[in-house]
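Letters A, B, C and D mark the chains as written, and numbering starts fresh at 1 in each.
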Amino acid sequence: MSVVVKRYIPIVILAGLALFSAGDTLLLEPTYNSLATSGRSASAVISAFAVGLSVMLLSRNHARRIMRKRTVVESSVLLICLWSMLVVGFFRFVVYGIRPSGDYMVQRLFNGIVAPGDSTIYAILAFFIASAAYRAFRARTIEATILLVAGIVVMLGKAPIGELLWGGLPDVSNWILNVINTAGSRVILMSAILAMIALYIRIILGYERGWMGRGD
Amino acid sequence: METIEALTVLAGSGITLALLSYLWRENLAFRIAEHAYIGAAAGYGTLVLAENAWRLLEAPLARGEWYWYLTIVLGLSYFFFFSKNYFWLYRYPIAYVIGNDIGVVVARSVKTQFLEQIRVTTTITDLNAAIIAVGVFTALFYFYSTMEHKGVFRGVSKIGIYFLMGAFGASFGATVMARISLLIGRLRFLYFTEPAYYLIPVAILLLFIGIFMDRRKKT
Amino acid sequence: MGTKGSKSFIEKLQELDVRYVYVLVLLVITVPILRPIGIPPGKTSPETLGLYRYIDELPSKSVILMIADQSPAAAAECQPGMLAIMYHTVAKGLRVLFYASRTDAIPYIDDVMVKVLGKTSDHPDYGKLYVNLGYIPQAEVGLTGLASDVFFTNKDAYGNDLRSMEFFEDLPKKDASDWKLAIYFGASSLDWVVRQVTDPYGCPTGGGVAAVLVTRIYPYYPHSVIGFLSGLKGSAEYELMIQKPAEAAAGMDAQSLGHLAIVIMIVLGNIGYLASRLKSQGGA
Amino acid sequence: MFDATLSIRSGYYGSLLMFIVAIGIIGLGIYLTVKGVLKPKIRRLPGIDALDESIGRATELGRPVHFTVGIGTISNVQVIAGLSIAGYVARRCAELGVRFFFTFSEPTVQPAALDLIREAYTLAGKPEDFSPDNVMWLSDRQFSFATGVMGLVVREKVAANLLLGYFAAESLIFSEAGYRAGAIQIAGTTNSYQIPFFITTCDYTLISEELITAGAYMSQEKGQIGTILGQDYIRVIGLALMGIGSILYVIGIKTLTQWLGV
């Protein structure tokens, strides 16, 4: 009994829904299609609740660290930022009905901390790429050499300086992107979908159980 | 209002510089910025998800479609995670979400990522298209995994991996371009936005103090 | 390279602290930002040209969908391109439908409208030529809904009723087959636009994408994606084609030197590697 | 309720057929393998074989192991594949007494990951060693998550940095952090534009479908191997369609190519 409820019914729900919503993308029938659309909205609503669990666990983790006197400063900063955002957002929504995406205060907090953080960490990659280029991009094998040469040609061909060095570089770089890259990227797309179908079938047959823990 | 705007820019500049200080080494300023950033981002993400859910629920609930409350019931079952006996209830919402998402993606991907790609590959109009066809054929073969690649097959899959590596190289080149563009964008913010650049000398000073302290510790 | 001194130099080069590399990158990019050196822009790439020509040849009042999916992280690359395309569409008198597929992209739509039109919903042509649908949740699923019914959201971003707008009146089917082009701006993935708009409804896709995404687009180019701007370079090219050089064009010098610096790093790293390999082979 | 207007979306006849054929063929693959008609062997995946080595090294050095599935949701195939591998790694770590950190960015992964890893510790006979605080959600924004991982990897000086899942731009942030910490790095993703960084900076890389089949490879269960066999059969169909279609197209018969578009 308990295995049925804990394990089999979720798999049956999963398989049924997968077939149902796959059918929606292939077939046309107004009632069916609108039902499937509602089903998708419901899926978004349901998955949104998971964040509540995550916020609770994150807060608990850092509260514990403060109590144990480990990383007191950092954890306090994290908790203050997290909860001031949440309190401001929810308070202003509940009391004034202002949606967070259009809320001035929430947007200030976002623009002051999150947006610059995003851009900085994205930009810091330029440094990491340079360091990786220097220490890791070695022509060890034929494969690595092909990767290197293609990379250098595209890099130079994609900046105005390439044309200054050699007039043909942009053309060669476009050829690599258009031909070699198209072939390689296309295969990655195709092979991913093949593996995906097989994995989905493994999930539906209950072989692949990572998404629901291991035991019962 | 203007004070708030100025403070926002200053905070942004401070976070930028503190996060960049990781390049020197992991340090207190980086740790504080890191935790502030994680906290605020987590909070913002939560608000966004909550707002999305509300947007989706608002209309049907207003129409009086009671069964939409079931989504809330199912969503709340995540929280049984803290219970020793009913923790497995989280599998129901997850099964629902995975099932739905699988269906949306898989059937259309069969067309866009598989059949359509084969169709375009077979449309050989010039030499380049022929080269692409050879590349796709050999590289797709490279992933054939239930057989040892020996003899002719080995040769075919070797050509395939060369195409893949060429593609990865191209990806690498294009990515370098993206990263440099972003760094340009960020540095333009630091150098040209009104109160932001006031923090640069402060950061440089702190960096030198840090380096000096490191040296003293070593000796 | 045979002398003792140069060998130890190469060895030193191999063990160089990566932080010196960081400093070099910072310098190489900072200098041209503060003092542009004026490297000529070079040829326009065919992908940019494809998008430009397609938009240029559209009859006036054709509908274009612009999907804003740029996070603040990727905006540095995508926003200049979005601005340049918007200038072009306004000059051609096309109809533009905006929507944001993530919440942090919402301000970028207003930013484009303010910079190009001067106003957002107060503009006299708003509701006739321009409509901002605001944020539609759940990227792919949201787009599927919008593609099958343009009134999917009922209201625009500012709370106006869509059905009363002149914009939609003469559209025959009120779904994605009325659109002439869907342009994606962002850095995450463009596949879903092809999957939900181009393949089912025949409306081609265009892009103003971060350069990371570029290689993933080629499998769809040019049959589904008619053209795209690849990163800052593509945006700079578009800015030059509509003769409005702006932010992207200004960054090109730094871009060139940055690329050159990384190529030099790779070469130096490999010289060191080859030298040490030759040495170890000689010793053995 | 369902009236007679049911029809197939135009342009999706081929997909519907392919979809059904694919399910059938994978079913056939499973049948043939489970019945023992065919005994397919999966090609070696050095990245997966190296997992034990990396955990062993962490044991010797007395430093932790870090595993991340990246920024995908629980419905992402790469995340599901990553979780299967994580279950194995967590169990080995528990057995050897190595600290195990697991990070992810999407909240939907949280309950599944916690359950999986707690179960792994129980199976290893050390449920008391499991700490939910080591299964870390670090916000659902890509780069704040990346910053958190970067800080964690460097601060904890992890000895093995396992990056198996869905990654976008943050891939290099993780592998650079792993380099700073001096870790063995094993990576895998199907995102073509992140693979080059993994190939060059990590010790082992699972390219594209290798990541997704890894779970089946590790399990060595007949049924699972059968799905891989089916997957290869579909590949053969794809290759055949492509080969025959190309040749026919070149000699001027475009029928097959047109059929593929319906």
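Quick note on the criterion: contacts are C-beta pairs under 8 Å (C-beta built on N, C-alpha and C of every residue); 3 or more make two chains touch, one makes a residue touch a chain.
Just so it is clear, the model here is predicted, and its values are computed rather than measured.
Colleague: Strictly by the touch rule at the top, which chains does subunit B share as contacts with subunit C?
Modeller: A, D
Colleague: Using the touch rule from the top, work out which pair, B-D or C-D, shares more C-beta pairs.
Modeller: Of B-D and C-D, it is B-D that has more C-beta pairs in contact.
Colleague: If I average the CA coordinates per chain, which chain comes out farthest from subunit C?
Modeller: D
Colleague: Taking each chain's centre as the mean of its CA atoms, how far is subunit B from subunit D in angstrom?
Modeller: Taking the mean C-alpha position of each chain, the two centres sit 16 Å apart.
Colleague: Between subunit C and subunit D, what's the gap in Å when you average each chain's C-alpha atoms?
Modeller: So the centre of subunit C lies 29 Å away from the centre of subunit D.
Colleague: How many angstrom between the C-alpha centroids of subunit C and subunit A?
Modeller: 19
Colleague: Could you please state the distance in Å, as a whole number, between where the Cα atoms of subunit A are centred and where those of subunit B are centred?
Modeller: 4
Colleague: Identify all positions of subunit B at which a residue touches two or more other chains, and write them in rising order.
Modeller: 19, 22-23, 31, 34, 37-42, 44-45, 48-49, 51-52, 56, 78, 81, 88, 94, 97-98, 100-102, 104-111, 113-114, 116-118, 121, 133, 136, 140, 143, 164, 167-172, 174-177, 180, 182-183, 185-187
Colleague: Touching two or more other chains, which residues of subunit A qualify?
Modeller: Within subunit A, residues 22, 25-26, 40-41, 44, 47, 50-51, 53-54, 58, 101, 110, 114-119, 121-127, 129, 131, 133, 135-137, 144, 147-148, 151-152, 155, 158-159, 177-178, 181-182, 184-192, 194, 196-197, 200, 203, 211-213 contact more than one other chain.
Colleague: Note the residues in subunit C that touch 2 or more other chains, in rising order.
Modeller: Residues 22, 25, 29, 71, 73-76, 103, 137-138, 141, 144, 187, 191, 199, 211-212, 214-216, 219, 230-231, 233, 255, 258-259, 262.
Colleague: Should the pattern of chain-chain touching be classed as line, ring, star, complete or other?
Modeller: complete
Colleague: Along subunit C, where are the residues that touch subunit A in the complex?
Modeller: For subunit C paired with subunit A, touching residues are 16, 18, 21-22, 24-26, 29, 39-43, 45-46, 71-76, 103-104, 106-107, 135, 137-138, 141, 144-145, 148, 191, 211, 214-216, 218-219, 221, 230-231, 233, 252-253, 255-263, 265-266, 268-270, 273-274.
Colleague: Touching residues of subunit B toward subunit D in the complex: what are they?
Modeller: 19, 22, 26, 30-31, 34, 37-42, 44-45, 49, 78, 81, 87-88, 90, 94, 97-98, 100-102, 106-108, 110-111, 114-116, 118-119, 121-124, 130, 133, 136-137, 140-141, 143-149, 164, 167-169, 171-172, 174-175
Colleague: Per the contact definition, I'd like the list of subunit D residues that touch subunit C in the complex.
Modeller: 9, 11-12, 142-143, 168-169, 192-193
Colleague: Touching residues of subunit A toward subunit C in the complex: what are they?
Modeller: 33, 37, 40-41, 44, 101-102, 107, 110, 114-116, 118-119, 121-123, 126-127, 129-131, 133-140, 148, 151-152, 155-156, 158-164, 170, 174, 177-178, 181-182, 185-186, 189
Colleague: Contact residues on subunit A for subunit B in the complex?
Modeller: Residue positions touching the partner: 5-7, 9-11, 13-26, 38-55, 58, 71, 73-75, 77-86, 89-90, 93, 99-101, 106, 108-117, 119-127, 129, 133, 142-144, 146-155, 157-159, 173, 175-194, 196-197, 200, 203, 211-213, 216.
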